[in-house]
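Reviewing the structure listed below.
So that you can tell them apart, the chains are marked A, B and C in the order they are listed, and the count of residues begins at 1 in each.
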Amino acid sequence: MQNSAPPLSPNHALDARGVARRFGARWVLRGINLQVRAGEMVGLLGHNGCGKSTFMRIVATLLKASAGDCFVYGSNVKTEGDAVRHHVGFFSHVPGLYDDLSARENLAFAATMLGFPEADIDAALERVGLMHVTNERVRGFSAGMQRRLSLARLILQRPRLLLLDEPYNNLDVAGIALMNGFIRELNAAGGAAIVVLHDLVPARGVLDRTVIIRDGRVHTPSAGDLIHDGASPQAITAAAGAAGIS
Amino acid sequence: MAFRDDMRRTRAIVWKDLTTERRSKAGFNSVAALGITILVLFGFALGPDGAMLKAAAAGALWLAVLFAGVLAFNRSYQVELEGGALEALLLYPGARWAIFAGKLIANLIFVTAMLVIVVAVGIVLFQVRIPAQWPSLIGIMMLGVIGIVALGTFYAAMSSRSRAREVLLPLLLYPMLIPVLLASMEATKAFLIGDVMNATGAWVQMLSLFDVIFLVATFLAFEYVIEV
Amino acid sequence: MSPVNTNAFDPPKAGPWVAIGWLSFAFFVFTQVFAVMTSPADAMMGHLQKMMYVHVPAAWVTFLAFGIVLVASLYFLMKEDERADLLAASAAEVGSLFCGLTLVLGMLWGRPTWNVWWSWDARLTSTLVLFLIFVGYLALRSFVEDPQRRGQWSAAVGILGAINVPIVWMSVRWWRTLHQIQSNPRGLSPEYLRGLLLNVAAFTLLCIWFIQRRYVAARYERAAEHASQAAALGGNDE
């Protein structure tokens, strides 16, 4: 299956070609083709179970594609996982925290694993508004606080390719603003992002373009292309409706 | 300096595993309690006769450690599966063996602590006299624990993430550990009944051989097991 | 351009294998009859000795099959060729079958010889451990659905299991010598050896044929999955 051409260019944050994945006999992804340039922010829409999360997990090296090739900044996710993991920051459905460690300990562990200095921890905690609970165990945190702590970990990491899987879940208005601020900041620094969404409204003004996954493939309907910076929420909802997203 | 980075990650995982384990004391206490319970049950099975107990003490000790240890191995990954921590762990850069080394060392410390308790209780329950060469006995016990923990940590990485994990881990692990168990039991027994023959040296060699072979094999194979 | 090679399945040609199968069976019948006819009754065991012509070849074939598991598993981890995974699985199934046969025959032999069904004889005991190790291997395969995960996990378990075989054998032997009960292996006189070697050859052929049949079946199963893949991926966009 390795009749692969070399990646487009190392400047591409993501170059996915015919990425397919099955679970048992069921094909969730049937050949995703998606190129994301460095500095580009792409929204990913689709019905529940259309394979958005599966695709994100493949890009993050957590899952192997059944077929197809995928490159992150020129590194093959299948064969050069370690290089890819240096670039990728993944914000998934699950917090990925240890309940019996405190907020600070969780970040200290992450910093060590990432190879970053622990000195930045306070700044990250401050930024996500968790300074008042730094030494409390995560077990007592609300879902929103856990999301904020996961975000603090991403802030420590400052990845070049941000993979956000429904990042606004469980976040309040301030949390959403925090998330968008962070995405813009990474964008300004030349990073790219892929954001899985079921609702475009919170991501207003953040995305450069939106693609839709349907039947395990990428659709780029004209309505989706209309969604860009500055569009009103009504226009976005209308566009999404036209594109078949409920 | 990639190696030093990975060593740092290993240390972080050891610290993390032991800290979470220490804070949920229920885990260690109940596993140690189970070890003691198994010893008591062996006592009932073997009868109150002192000579019989003494002869069977080594076997009972090791089986208690094995049965209780299996719970520890699955627990060690259970922590990672709650809240999707394993996903985060796999997303960090660095070599996979660093993760295995961290879990292995944490489990070694956990099982050794349990062994201390089980042995202390076993000495009392099975009316064993502490042999004069007890430092050598400790060495043999450590060799046995390393073998059990290396394979236990390795197989639990699979079983904890599969269906029927309660059955699968013992089914995979126990037959594989038979050389370790035979060697540990026989060597321990030789010390306990004060009859250290040449055979003991052979068992120590076998334990060392087993440990070296399977430490290398599990370190090499861990990447294939954890990444899917 | 489709990145997916939908022609991954090249059905194995049955041609010579049908003939090999029949020849193996015919050879097996011949070697059994030959060995039984040519060997005189043993001084100690009488005609019970004839069981050797099934027991020993079955044991040999068990080791052969698990050797194949080891090599195929290593190859799978290195090359990610799913055929190696299927071959390892087929060899493990056939190997467990012969391993079980060896055990049953060993017990049948033990009953009149030592007057017990099970004697904790070193060879018999290590064969039992081997059997248990590969029961675990097959159980693991049945518990894991995802083919990639199943392949990698069972390859790791298969390799570690195969590495352990000589260590288990050694440890059980030492354990037995320590307890000072030994079966007495004697040199075989030529009239027995000839029949034995012929039967070893016949069993080897049969084993290879069994593994090949099982492997082909596994390939067809996998081919059905590939066909569904081709159907699912048919007509890529762009």
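The criterion applied here is as follows: a contact is a pair of C-beta atoms (placed from the backbone, for glycine too) under 8 Å apart; a residue touches a chain by one contact, two chains touch by 3 or more.
All values reported here derive from a predicted model rather than from experimental measurement.
Enquirer: Based on CA centres, what chain would you say lies at the far end from subunit B?
Expert: Relative to subunit B, the chain whose C-alpha centre sits farthest away is A.
Enquirer: If you average the Cα atoms of each chain, whose average lands nearest the overall Cα average?
Expert: Nearest to the common C-alpha centre lies chain B.
Enquirer: Just curious, how far off is subunit B from subunit A if you go by their C-alpha centres, in Å?
Expert: Distance between chain centres: 39 Å.
Enquirer: Nearest whole angstrom, what separates the Cα centre of subunit B from the Cα centre of subunit C?
Expert: So the centroids are 31 Å from each other.
Enquirer: Measure off the straight-line distance from the CA centroid of subunit A to the CA centroid of subunit C, and report it in whole Å.
Expert: The computed centroid separation for subunit A versus subunit C comes out at 48 Å.
Enquirer: What are the residue numbers in subunit C that touch two or more other chains?
Expert: If we look for residues of subunit C contacting two or more partner chains, we find 146, 148.
Enquirer: Give the residues of subunit A that touch two or more other chains, as numbers and ranges in rising order.
Expert: Within subunit A, residues 64 contact more than one other chain.
Enquirer: Touching at least two other chains at once: which residues of subunit B meet that condition?
Expert: 227-228 - these are the residues of subunit B that touch more than one other chain.
Enquirer: So in the complex, the part of subunit B that touches subunit C is made up of which residues?
Expert: For subunit B paired with subunit C, touching residues are 151, 154-155, 158, 162-164, 167-168, 171-172, 174-176, 178-179, 182-183, 186, 199, 202-203, 206, 209-210, 213-214, 217-218, 221, 224-225, 227-228.
Enquirer: Over in the complex, which subunit B residues touch subunit A? Could you list them?
Expert: 5, 8-9, 11-12, 15-16, 19-20, 23-24, 79, 82-85, 87-95, 227-228
Enquirer: Please output the residues of subunit A touching subunit B within their complex, sorted ascending.
Expert: For this pair, the touching residues of subunit A are 60-62, 64, 81-82, 85-86, 88, 90, 92-101, 105, 109-110, 112-115, 137, 146, 153.
Enquirer: Give the list of subunit C residues in touch with subunit B in this complex.
Expert: Result: residues 77, 129, 132-133, 135-136, 139-140, 143-144, 146, 148-149, 152-153, 155-157, 159-161, 163-164, 167-168, 170-172, 174-175, 178 of subunit C touch subunit B.
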